[in-house]
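Presented sequentially are two complexes of subunit A, the first with subunit B as partner and the second with subunit C.
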Partner chain A sequence: MTESTMKAPKKALRPVKWMRENLFSGWFNTVLTLGVAYMLVTSVGPLLNWFFLDANFVGADASDCTGAGACWLFISQRLNFFIYGFYPDELQWRVDAMFLLLAVSFVPQFIERFPGRKWLGLFGIFGLPVVGYFLIPGGAFGLEEVQSSKWGGLMLTLILAYIGIVASLPIGILLALGRRSEMPIIRGICVVFIEVWRAVPLITVLFMASVMLPLFLPEGVNFEKLARALIGITLWQSAYMAEVIRGGLQAIPRGQYEAADALGLGYWRKMGLVILPQALKMVIPGIVNTFISLFKDTTLVLIIGLFDILGTVQSTVTDPAWQNVAIEGYVFVAFCFWVFCFGISRYSQNLERKLDTGHKT
Partner chain B sequence: MGNPMTDQTQTSEMQTQSQAQSDKKPGIIRVEGMHKWYGDFHVLKDLNLTVDQGERIVICGPSGSGKSTFIRCINRLEEHQQGKIIVDGIELTDDVRHIDTVRREVGMVFQHFNLFPHLTVLENCCLSPIWVRKTPRKEAEASAMEYLERVKIPDQANKFPGQLSGGQQQRVAIARALCMKPKIMLFDEPTSALDPEMIKEVLDVMIELAGSGMTMLCVTHEMGFAKTVADRVIFMDGGEIVEEAPPHEFFTNPQEARTQKFLQQILAH
Partner chain C sequence: MKKQTIDTRPAGPKPWYDPRVRSLFFQAIAIALVFWGGWVLVDNTLSNMESRGISTGFGFLNETAGFGIIMNLVPYDATMSYGRTFWVGLTNTLLVSAMGVVAATILGFIIGVARLSSNWLVAKMALVYIEVIRNIPLLLQIFFWYFAVLSNLPSPRQSVDVGGALFLNNRGLYLPEPMTQEGFGIVWGGILLAIAAVVGIRIWAKKRQLATGQIFPTFKVGVAILVLVPIVSYLVAGRPIEWDLPALRGFNFGGGITIIPELAALWIALSLYTASFIAEIVRSGILSVSKGQTEASKALGLPNGLTLRLVVIPQAMRVIIPPLTSQYLNLVKNSSLATAIGYPDLVAVFMGTTLNQTGQAVEVVAITMAVYLTISLLISLFMNIYNRAVAIKER
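Coming up: the complex of A and B.
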């Protein structure tokens, strides 16, 4: 270090000074600060009481919920139903195995130095749906068949979201490329597809999938309700995905397209090796946003009679054996959704940091 | 810009040039009566040019004269509407296979480098040899390192383009184009986006390349470069080729009034 280089001045952190400058500068801010502090003090106490101190954690049924706080018993007693729906108890190991595989595939993605985590991730994306396709419904390899009408709870939510996410991304990519294609027919088809699906509410898509689709199909051909919902969700989602990805494609400077062209890469290699890796990286926040909103939108399948986690909780809340447990139920559902959505969000930020190689061209 | 060429490179140039002379293929690029329009705007008007293998052509002219558009037509980054462009015996038409065949033999260096920012320098260089030429990875990497040494930045091979200076990026871009072992190299104002102190390092690489017998078409304002390496200088204005002459003649005795005016403006300071 030479004499002329200076250290950047350190910003001193002095709590009292900070508070005086930010919280108590002038009478108006002082009043606001005191008011907010009062609200915090008066609300945190009761909330803590309700959630933990006065809550009931142990017992066997509703009669054990004697405290004034939350009745968490309700959750622990009906947890099996919330997670598996009507999936037969003795076969639930199959679902557990899927949960385990899901965790094995994706938890290592948060650990930078985990050996072979790339392969685990690839298995999670491509292998897991295949394993699940055979394991969960059964009916092959000597596994007892379980009708999809018996699936429910968290497991169903995850299946819907997972298939929706994994299938909509590649379809979305193709639609986005198609919409920017120079071939008028392909472009036209993609534009119409995207504009039609994106303009329809998911509820409508689900209704159509469950009620109208069978009318168009020939006699005897009958999809399961779940499969129809999945197809509807996937196509609907891929229209959204396509527009997010198109944003990324348009943000790539023209020079990148030209350089790839000049190297003779040809269309698919140009897109796959040069343009998409950059475009997808750029729109990770948008893609994740779409994933998260899909994850939550899966609750809409309730209206076509599929019992996802919200559905199972809601039906139990009205169970006469349990009284006044609605709040506990909904808090539990919110918590489950939050855990998964927050996990997706954290992972995407992790990914963005890791892929950042600077975008100066 | 002085004469950046050392005596040593000059002699090696002579040698390679005489070698190249023997297998010179005439007319590796042939442009015949070529016109191009952007909508109703007539950008290129009746261009005719024949370039022999090993020839080094410098194209200059005021901005908006169509010189960049012209060389971008040669690997069909731009489409022409009338006339013929034949590169290495293949005519450029709408046929995508022809276009890709031509592009494999024609390297291009851009004003703004256009390196792929998500790939390292080495990966940038290996991408096309591996995926288009189907060269085994090991071989492609070894060959890429050779070219990176030739442009004098082998030590940056594992960095990302964003970590390099403009001059270094442009040299990587030259190496990337060379990795495809092209027969023709096109340069589209390769030094225009560079800071003055970096222009020389890029020009040195280009001069070395010119000495190796590569067929080069170069759009540039570097008149020093034109004087030292060009076999022919082409002056374009208003979408036309106004004058075409060996550099000595071009700079000392320009025939056309427009050329004289241009040279006065650019050599004035």
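Coming up: the complex of A and C.
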């Protein structure tokens, strides 16, 4: 029998073949697989028990947490505080309305071919801050005023991250343009500004905003704690934003700049009509990534005494009425952040694939 | 007829259309704005400080601090000056950063390689780790380790006891401390001798390989020398180390080295968090080496280990180094979250307690920011030097 007439090798069962190739190829992989599988089996069971089977879901207060597992009751009892902070109960519809508008403007961005999703996105960036400016603090149009010291929880986290990103975008664009400028002094100023902010930790920026900003301002001018934190976050974030946008500016081929010059466009028209539209589109994934890291970094405001979602949970887990609910509280916050960040990062990866037109060299 | 010359050149642009004039003009405005802004800030600050009765200058650094710090690498007690608190904070920051960089790098490389493993289960576990850890705020992870895990450890009386030398409880991890005795100089001499010998062998082996093509097992011999020579010199010198064992005295432990739970929580959280980012960097670095390189080195007859060591890793490092640098910088900056759990780092001690006690906000914030700026610049510098060493040599 020659080689060409040999029978085809016996076909192994599909899953068996897959397992042999992916789990048990060689002694090293086999040991690894068995080790990891053992770890999984021994840890998943107790975790499941703690999370669901032995956990307490219903009841009124701490005395109803009788099972050995998690006390989710604690979360459901304090949920209002974790979401709205000290915002008055009867006015919470205003915050709910903002949540709804936020969802309406951004959830369609995940759905392709949603009619008018571009306009909803633009509303989300330009219209939403205006609506929020009047709706959340109140004080105008007959709305009752709510001091910013009463804001807290998830709502405050979203406000900080949202304003931080929307306000830092224009500053970041200007800084990036300045850093690419041909004027040495403008370039120098922008480089120093960007590098200094990027080199210091956010926590020192927040400290500076809360203790030094009042010293910088003329007497009589004073900002609330939240506004000071926002100024610090925005300046800090704009330096990172500038670096992301600079990446986009550098990726635009020289021909585009020269073509705009040849058309006789001035600097601002060249940038505004030719360069920036292409550059910004290119760096949308980068902007989304900086947004994710800013979103996680907003938790730091609890150190200067603001009650973001982690701050509200941290202040309640030490409540003696509930015993040892720290893990439940942290798991809840972790879950909230994880859902947001993972969702957004998946969106950004998706976008990256779609925007990649294969022109990268 | 007189020859008439016509100047066909267009008249120069009007000064306000001349780009050079314009650029000078805008730069002059920019300088003026910066100086004006700076002057307004300084003026406001000085008048504000005057009205609040805050003195300016760095004289406060010599005053007595009067507060205790739970962990100090440089000698410190409450009678020392505020200047000393700065050094205590700085060394604590550097300690946790260095520990974090080492642990995060090792863990990150392991997970990054695991992510590319041909073993489906291992690759998926690495993926889950990365996606979970990097999408949860670092501060929350620090809180979790500190308030939920380490503070639930047993009290000092019920410590976890490992062989009577190592104790773990909710006040920290207690380790035996080596106390060098007389004659330890011989051991130091042995260590130095071993290092010198290994360097010498390496140079000789390379020269011989270039000349004759024979390979000398430098690595195995080097490890053997590095392990054996110090042990022999230790025994020759008559075992000049005594171990100071921790022991329960009253309500707490005394003696030995203590790793306080604040340090442990910060270290664990920083390492795990940064490792998830480093793992992704390592993965993309390894993937960036084209398959042709591996195949070419196989075709040359290099075994797997050498292919990895001589062909894949050097090329992957070129892609890995720049983003790795920024992760190290992030780790150092993130170590300032120590202040949230009370680990006495630079921000907690100096920008926290010292600032509150002295009220010298401008000076303290300026010093702290300058320190972070310096650390960032130094790390960038070292990593750039290393990067230049591994970059493609274009001739």
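In this section, the second predicted complex is superposed on the first by the 330 of 361 C-alpha atoms of A that agree within 3 Å, B and C clash if a C-alpha of one lies under 4 Å from a C-alpha of the other, contacts with A are read in each partner's own complex, and residues count from 1 in each chain.
By our rule, contacts are C-beta pairs under 8 Å (C-beta built on N, C-alpha and C of every residue); 3 or more make two chains touch, one makes a residue touch a chain.
A quick note: this is a predicted structure, and the numbers were derived from the prediction, not measured.
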item: Touching partner for A:263 - first (subunit B), second (subunit C), both, neither; value: first
item: Partner contacting more residues of subunit A (subunit B vs subunit C); value: C
item: First (subunit B), second (subunit C), both or neither touched by A:274; value: first
item: First (subunit B), second (subunit C), both or neither touched by A:327; value: second
item: First, second, both or neither for A:44, with subunit B first and subunit C second; value: neither
item: Partner chain(s) touched by A:310 [first = subunit B, second = subunit C, both, neither]; value: second
item: Touched partner set for A:103, first subunit B, second subunit C, both or neither; value: neither
item: In the complex with subunit A, residue positions of subunit C that touch it; value: 23, 26-27, 30-31, 34, 41, 44-45, 47-49, 51, 117-122, 125, 131-132, 135-140, 143-144, 147-148, 152, 329, 333-334, 336-337, 339-340, 347, 351, 355, 361-362, 365, 368-369, 372-373, 376-377
item: Residue ranges of subunit B touching subunit A (in the complex, touch as defined); value: 75, 77, 96, 100-101, 103-104, 106-108, 110, 112-118, 127-128, 131-132, 160-163, 176-177, 180
item: Contact set on subunit A toward subunit C in their complex; value: 22-23, 25, 29, 32-33, 36-37, 40, 182-186, 189, 196, 198-204, 207-208, 211-212, 214-219, 292, 296-297, 299-300, 302-303, 310, 314, 317, 324, 326-327, 330, 333-334, 337-338, 341-342, 345
item: Touch list for subunit A against partner subunit B, complex; value: 253, 255-256, 258-266, 269, 273-274, 277-278, 281, 355, 357-361
